[in-house]
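Below are structures written as structure tokens.
Here chain A shows up in two complexes: once beside chain B, once beside chain C.
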Partner chain A sequence: MSHAETAIQCGSCASGCNTAHLAKLGIKTGNWDYVVALAGNPNTGKSTIFNALTGLNQHVGNWAGKTVTRAEGAFTLGGKKFKLVDLPGTYSLLSTSVDEEIARDFVLFGKPDVTVVVADATRLERNLNLVLQILEITDRAVVALNLIDEAGRNNIKVDERSLARDLGVPVVSMAARSGKGVDELLGAIEQVSSGEFQARPHRIKYTDDILENAIDTLATQLHGQFEDLPNARWVALRLLEGDESIINAVQTATLGTVRAANVFPPLVQLEAR
Partner chain B sequence: MTLNMLKAGRTATVKGIYSKDTERRRMVDLGILPGTLIENVMASPLGDPVAYRIRSAVIALRREQAELIEVEEEG
Partner chain C sequence: MTNSEAILDNAARLRGEVGGNLHDRLTEAIYSDAGAIAGRAVSAGEQTGNLEQKFDRILTSRLWGFPLMILLLTGVFWLTIAGANIPSAMLGELLQGTVYNALHGVAAALNAPWWLSGFWIDGVYLATAWVVSVMLPPMAIFFPLFTLLEDLGYLPRVAFNLDRLFKRAGAHGKQALTMMMGYGCNAAGVVSTRIIDSPRERMIAIVTNNFAICNGRWGTLILIGAIFVGATAPPFMASFIAATSVVAIAILGVIFTLLVSAFLSKTWLKGEASSFSLELPPYRPPQIWQTLYKSIIDRTLIVLKRAVIMAAPAGAVIWLISNINIGEASIATHLISFLNPFGLLIGLNGVILLAYIVAIPANEIVIPTILMLTLNLSKSGLAQTGVMSGIDDDMQIQEVLTGMGGWTLLTGINLLLFSLLHNPCSTTIWTIWQETRSLKWTTISTILPVVLGIAVCLLTATAARLFF
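And now, the complex of A and B:
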């Protein structure tokens, strides 16, 4: 990655360095240019990254479920102000627990300019489930491969370039506790938010024609009823899957913060098998 | 046998999941799929829930959840 345009020598290091321009703004989150969401499995270091970027002291602890609602902070970078939202740690966006719903609703309806998915490099297989789910929702994502130092100690090597190519989004190796990779993450956030990096996220292809038709039919209807729905295809898939919270949100026209043009008619019966 | 019958310190391979809908989705999201290795790490003081190591994370499952996971113990 090259940040030739934005990098200015800061004196303390020989190479161009982004952190020199990073101003940590703590909780002064008003008037932002871009919104960045931090998602990831429990205990992957989301809050450590959040603190490194905002200068805040959001409680960091080695247990799951610590961030139960979302925490917000801000920073400026390259003259732009970023609002950073720390989401609860989840293994999935598809099951029905309160924290998963908070994370899902924000990634889907909060329309963040960038979603940073923090993944634990020592447990990559487990973490990729959530990464793929988020890439189904948004194409503006960055994968922060955290705890890379710990992975190294366990003789785990991650081929970051192949991973980035396969996922279609930037992948940044990090050890957030010691500050490693923070510059690179900022560079990736800047490139994705400005549109300089065009992500081509990996999407699961459904080869079943009947299923594809059902998705298309529903997605078209959803688009007609809900203006500005960010990802009708994703919502259609959840309806077909029988996701109670989404079905309820569609029927009561309370799908996220999206206002329905008028209330959705009773759900069409589709032969989805 | 089902997962709740697995003794502490023992490892088993998942053969199938009996739970349905969101409960099944939950198990899959936790990494429990046919072929997954699961180790019984330890039980809580009252014996329920039990901590299992699943794809290198330790996750607590209640007995009623473990009862719905068919496993085969590793020799």
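And now, the complex of A and C:
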């Protein structure tokens, strides 16, 4: 559904309508209207998309783990200024490595207006694990189904309508390396950021009453202590799981604060943990 | 009790109620939903991925992995050395010949005092011109080739091959990837160690990153490999032998990485290697024109810009210390005579050691610095401009170094070794400090490679003295 809408909107003005209005601003990220986060598994093309939107030259190479810090860039679209944040690639938000923490903290506490989750069309099932985890945190998301050309070469077809229906957020097929789908992605980002598109994101169902009650109790308590917490239910679940970095953040009352860009704890601090 | 403590207490109590295997249950729920959604959306036809698997089986096999790696690298360097020869000579003729003479002509016409034209033309301009003519052609060939390999997806295969060795050395397999980053720039390589979670293994990766030859050093290796090692072979083999010598140095770097890693993990940074899963990305057809454009604009020109920015002031410094006298001789002469005995002992010379001190901010300027110091040192007996404009291709560089500098094959080989094994550049040292905030480890990372370099050069020099 959602993608069909995007496609129609794009069809109504001659092809390339969005790139025509797109101004790549490079690193001039001051005074933005919206913040867009780029998340996804490693080596799915996040940095390629980042470069295509901002005109910057993040290092792009065909291997996992190049982006270790948050890269920031900006672009304007339809008169609004967007700040784009490229997050380190992660397979999950549930384990405890530092790069995953950086990605998770930003999606959760950085409160991006739109989170673009880049998914590899050739390995959709595995990539959906991260997509679903992100949809647990935020409903302002767009799925960029990248590497669709590669999937085609491997005889893999992905039905983006079925995917969009199941996930409840816009899904855009892309081949970012050759620039395919960039316009559609911009259209989707615009619609979600302006609130024009109301997402009904897929949520994992827990049929367990004890668990639901426990989540409710903790979520209420968390809201009392941390007023700005965007998703207390998610944090409550992590506490029930015994997630140490979240427990630590509650203890030190730093829950909800995001590290400044590119701040990575020095090694002597990590050693002390 | 604070609110935070109350929340955590409550969480601990509820955790007992919901049962201990919650994490697994949640993970299962996510996996089953992901499976169902993907199942509805994906329809896979006949798979054609077999070819890729066949490639991988060969490229990462125990038998063929390393030989193919060495072959591929040798091919890349052979293309670089053979291809850079002619453009290097042309650039040299233009910049050190035509332009240089024209500048002196203008200076003479304007009646500029000798020190003014000397400082600007023989100092600042000449150092910059040398950096461009020596560095630009090899970089413009090597970087695109290397980037093509990276784009194709070959680098993770190399990491996969090396993983076993790193594990045996008690280091993290991802260190192979940080080493790959180091082949571009060690400062970037040090930052990339953030992908290693264990602080112990990350420290090992930081200390040893300098053994990955960076952009600033490839130029030196390629040039010296060509004019000293390649020149010992018959002409049709020269480029190939030169390429082999560069590959040998790169492999020696890997061996030092492994040895030092093993040493550290058995002494100050004791521990077991942690396991991880390395993903082999699909081979992707590289976008040739885009790669060419990007690696020339982004990489070659950026490295060159840095080299030029560093070369101009270095040229000024070199000209000044060569032309300001204390007592009978210039400052440079004093410094070089002071460094010479030790330099010759380890099969190098005072000029090379002084050049490495001048080049601490950027390895890129080692060769131009060596050339200028050598020329300035023997200037007294020669017509100044005649010598300067004479150097316009690689063989003449060799004539200057052997004729005026007294270099031998040993000097060339030891310079190759010292280029691999010496202190990181100042940017990298600063980055190590930023990443670790540990004075001890920053110092160790800085000093250890120089100590190793001196020891190895002393070894080869002693061997050469004993056997030849």
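Operating definition for what follows: the second predicted complex is superposed on the first by the 241 of 273 C-alpha atoms of A that agree within 3 Å, B and C clash if a C-alpha of one lies under 4 Å from a C-alpha of the other, contacts with A are read in each partner's own complex, and residues count from 1 in each chain.
In this section, contacts are C-beta pairs under 8 Å (C-beta built on N, C-alpha and C of every residue); 3 or more make two chains touch, one makes a residue touch a chain.
These figures come from a predicted structure and were not determined experimentally.
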Chain B versus chain C as contact partner of A:Q225, first or second or both or neither: second
Touched partner set for A:S194, first chain B, second chain C, both or neither: neither
Partner chain in contact with A:E125 - chain B first, chain C second, else both or neither: both
Which of chain B and chain C A:L240 touches, first, second, both or neither: second
Which superposed partner A:L94 touches (first chain B, second chain C, both, neither): both
Touch count on chain A, higher of chain B and chain C: C
Touching partner for A:T76 - first (chain B), second (chain C), both, neither: neither
First, second, both or neither for A:Q251, with chain B first and chain C second: second
Which superposed partner A:N155 touches (first chain B, second chain C, both, neither): second
Intersection of chain A interface sets (partners chain B, chain C): 94, 122, 125-126, 129, 242
Contact footprint of chain A on chain B as seen in their complex: 21-22, 25-26, 29-31, 55-57
Contact footprint of chain B on chain A as seen in their complex: 41, 91-92, 94-96, 122-123, 125-126, 129, 242-244
In the complex with chain C, residue positions of chain A that touch it: 42-43, 57, 59, 61-66, 68-69, 94, 97-99, 122, 124-126, 128-129, 131-133, 150, 153-160, 162-163, 166-167, 177-178, 202, 204-206, 208, 210-211, 214, 217-218, 221-222, 224-225, 236-237, 239-242, 247, 250-251, 253, 264, 266-271
Chain C to chain A touching residues, read off their complex: 3-8, 10-11, 14-15, 17-18, 22-23, 26-27, 29-31, 33-35, 37-49, 147, 150-153, 155-156, 159, 174, 177, 180-181, 188, 191-192, 194-195, 197, 199, 202-203, 206, 278-279, 281-282, 284, 287, 294, 298, 434-438, 441
